Amino acid sequence: MLFKVEMTVNIPLDFPVEQADEIKKKEKAYSQQLQRDGKWRHIWRVAGLYSNVSIFDVQDADELHQILMGLPLYPFMDIQVDALCRHPSSIRDDDK
Amino acid sequence: MLFKVEMTVNIPLDFPVEQADEIKKKEKAYSQQLQRDGKWRHIWRVAGLYSNVSIFDVQDADELHQILMGLPLYPFMDIQVDALCRHPSSIRDDDK
Amino acid sequence: MLFKVEMTVNIPLDFPVEQADEIKKKEKAYSQQLQRDGKWRHIWRVAGLYSNVSIFDVQDADELHQILMGLPLYPFMDIQVDALCRHPSSIRDDDK
Amino acid sequence: MLFKVEMTVNIPLDFPVEQADEIKKKEKAYSQQLQRDGKWRHIWRVAGLYSNVSIFDVQDADELHQILMGLPLYPFMDIQVDALCRHPSSIRDDDK
Amino acid sequence: MLFKVEMTVNIPLDFPVEQADEIKKKEKAYSQQLQRDGKWRHIWRVAGLYSNVSIFDVQDADELHQILMGLPLYPFMDIQVDALCRHPSSIRDDDK
Amino acid sequence: MLFKVEMTVNIPLDFPVEQADEIKKKEKAYSQQLQRDGKWRHIWRVAGLYSNVSIFDVQDADELHQILMGLPLYPFMDIQVDALCRHPSSIRDDDK
Amino acid sequence: MLFKVEMTVNIPLDFPVEQADEIKKKEKAYSQQLQRDGKWRHIWRVAGLYSNVSIFDVQDADELHQILMGLPLYPFMDIQVDALCRHPSSIRDDDK
Amino acid sequence: MLFKVEMTVNIPLDFPVEQADEIKKKEKAYSQQLQRDGKWRHIWRVAGLYSNVSIFDVQDADELHQILMGLPLYPFMDIQVDALCRHPSSIRDDDK
Amino acid sequence: MLFKVEMTVNIPLDFPVEQADEIKKKEKAYSQQLQRDGKWRHIWRVAGLYSNVSIFDVQDADELHQILMGLPLYPFMDIQVDALCRHPSSIRDDDK
Amino acid sequence: MLFKVEMTVNIPLDFPVEQADEIKKKEKAYSQQLQRDGKWRHIWRVAGLYSNVSIFDVQDADELHQILMGLPLYPFMDIQVDALCRHPSSIRDDDK
């Protein structure tokens, strides 16, 4: 099942830079592993913002929830979730 | 260049059904041609809504504008546009 | 999979009453069949409003989409969809 | 009387983890006792968020207020309350 | 049980004046009967607007719903409902 | 003159409990004195929230302002004010 | 007592021009009479919009309500009302 | 040129009282000097709020900007600015 | 004086196409004359929308108001106006 | 490609003044270099606010993102981005 997830990261001004860098490094590794596993299908940066648009391909909402809760940056994020369906006009076999 | 476009279609209750069906058929053909051309990369339905989430891969904002203005359903749509960039964590070569 | 769906019905002031009543009768039969099928788990009226809060138990987002698109009152509705998960504190076996 | 309550938990980034865990443990016990008492009818997690959708079955608004004020996580919560009625299309005897 | 209900009336510009006057007359009679019955405790006009703030004293949400659905002006109204409790600082015996 | 005032109290998580209790005790005494004086006509708790709906009966906006500025909890409050008029349908002599 | 009232006029595209002009002429006369009476203290146009910002000096909210209800353009208006007080920094005797 | 400016002051709960009082005293002197200069035409308190509605009469937007930036309370303020014009219905020579 | 004006055009679905084309032709001529006069400094299309972002260079708010009221498409527009100043970091002599 | 970017700066009340001044000095130098390079086409101050409206002329969204991420004040900013196109009514050759 596909979900669109939009994540916006807000790191407080006074949060220690090294600690933030450490978390971001973990976030990147975590995201790339999920991309290799085929769970995190797409990730794009929104121009000018510390936000991304992502497409997840998971078993169900529970799996999505576990994945998002595991994001190292989760405590710093605002998150919006929309469940997606195959679009009747789509010609791509994997956009479902 | 990539853009995320979210489209919501609002057809008035008293709009003639056959006319609407005609426009939707044209919309589908128009969308599928652009998908085959590689301009309209992805299209997903938002569950429960007459809305879609789409990713366009175009030369620039002018080409995006021409494509959207040409949508047969454009006069019935609310549209939101966000410019996207490659995300530094992405492992997909074509998510740019 | 569970989804919470909130539906608000807006029937135009000048819509013929008999036609509206006919649609509402179909809506009721459609809803009750889905309740008997176990797809539409719960439906409550929001006090004072022509709105309901519903819980659907479906295969996936596609099945939810088909069900909602089939609602006789769908063209008159504003709809909000949220994907739900089992809550770790829940003691009810079927709240998943 | 039934109420839908939506709760979103916001624990500050610098709140001590052990203290938060202690409060969450109390919250879970408190919630499960109320579920066993039949006051807290349903609780679902909203996918991807630290939020829940709950249905309470209480004597009146005062009882609901006492219950919510007693939530160990209450000081960290944003809360939305809607009074519910039996829906005329419902076929479940206990959805009232 | 007490509820605060805020009602805003929007009568379309092209709605026949006599018909509107007829409905308003029925609305007034309906409201005053409920006030005499002790169900509609208070009603105030919001200065400058075609809106009112009302306090209802009813058995439960179902009774409130029946009363509001019966308002002759209901199809023209936007409505907001909040369940109220006795306030611990109140010195009025009947503000519950 | 009547005003509806809605107050929502937000006490920071790290505010000392005893100090908060002291302020709340003063708030209660202040409110009850104004109720006895007939200035603060009604006060209700909004179910589930640390909010109240109040009706004030004052000389004019200046008197209302002085009263609200004097609330011990004022620095913690979000406040909304609406001027009220007698409603033409009201049958209560004192709802003006 | 002073009130700030912001009015935005929305005349439907298909409303007869002569009828609109007639109403606007009456509105102007009505406004100017109230200005001469000292009730409508100030009126300014918001640049670029069919909106005004006005200051009324009236006995109380009831008088304000009667005046606004009498506006020939009232059925076409969105209206926002705020009660004002003398500001402690004001040096103008009549800004109260 | 006239501008309507609405200012809302938010002083943090833990800001030292004497320091705040010092800034407010400077604010008052600053405001009154500008009122005497004819730049700050009107200032009213919004009832119940730590907000004001002001009318400025300045050369242009640059002068307005300089004046607002100089407000001792500026760092604590939310500010909304609207450019005003003479209203065609105004009978006051100085409401321009 | 400079103003940023954002205009969004909404032409009703059932508005006659030839009449709309006629108005758009007039709008274009009107806009281009003002551009040649130096009053309408910049105009850009917002990608994907029937909206523009414009910069006006006018004597004052009254002149801006006259210009905007004269737009042939004005009755179809939503408009937002912000007064601009020279930015202290600008290196362009004419960005004032 | 052109983008409109609106930036609002929020520096916390307790942020050290000298540090803020240092950052602002760097911001100015950074902005002016980009203006000289032709990347940052226009920058205007919004009257009364610590906000600017800017027009960027960049290769694509990635270049815009790099530029904005490099802003010394970026961590203090709220940012809104809109992709722009040449407007068919524009008579300026460089408004594209």
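Think of it as A, B, C, D, E, F, G, H, I and J in the order they're written, each chain with its own count starting at 1.
Note that in this section a contact is a pair of C-beta atoms (placed from the backbone, for glycine too) under 8 Å apart; a residue touches a chain by one contact, two chains touch by 3 or more.
Molecules present, by chain and UniProt name: A, B, C, D, E, F, G, H, I, J = Muconolactone Delta-isomerase.
What you see is a predicted model, and the numbers here were worked out from it, not measured in a lab.
Counting C-beta pairs in contact across A-J and across C-D gives the higher total for C-D. With centres defined as mean CA coordinates, chain J (Muconolactone Delta-isomerase) is found 46 Å away from chain C (Muconolactone Delta-isomerase).
Work out the mean CA point of chain E (Muconolactone Delta-isomerase) and of chain F (Muconolactone Delta-isomerase), and you get 22 Å between them.
One inter-chain figure worth recording: chain E (Muconolactone Delta-isomerase) and chain H (Muconolactone Delta-isomerase) are separated by 39 Å, centre to centre, where each centre is the mean of the chain's CA atoms. One inter-chain figure worth recording: chain F (Muconolactone Delta-isomerase) and chain H (Muconolactone Delta-isomerase) are separated by 28 Å, centre to centre, where each centre is the mean of the chain's CA atoms. Residues of chain D (Muconolactone Delta-isomerase) in contact with at least two other chains: 2-3, 45-48, 61-62, 64-65, 81-86. Contact between chains, using the touch rule, shows up for A-B, A-C, A-D, A-J, B-C, B-I, B-J, C-D, C-E, D-E, D-F, E-F, E-G, F-G, F-H, G-H, G-I, H-I, H-J, I-J.
Against chain A (Muconolactone Delta-isomerase), in their complex, chain B (Muconolactone Delta-isomerase) makes its touches with residues 2, 4, 27-28, 31-32, 35-36, 42-48, 52-53, 55, 82-92, 95.
Put simply, chain I (Muconolactone Delta-isomerase) touches chain B (Muconolactone Delta-isomerase) in their complex at residues 13, 45-49. Contacts from chain J (Muconolactone Delta-isomerase) toward chain B (Muconolactone Delta-isomerase) in the complex involve residues 1-3, 60-62, 64-65, 81-86. Only residues 3, 5, 12, 15, 61-62, 64-65, 68, 75-76, 79, 81 of chain J (Muconolactone Delta-isomerase) touch chain A (Muconolactone Delta-isomerase) when the two sit together in their complex.
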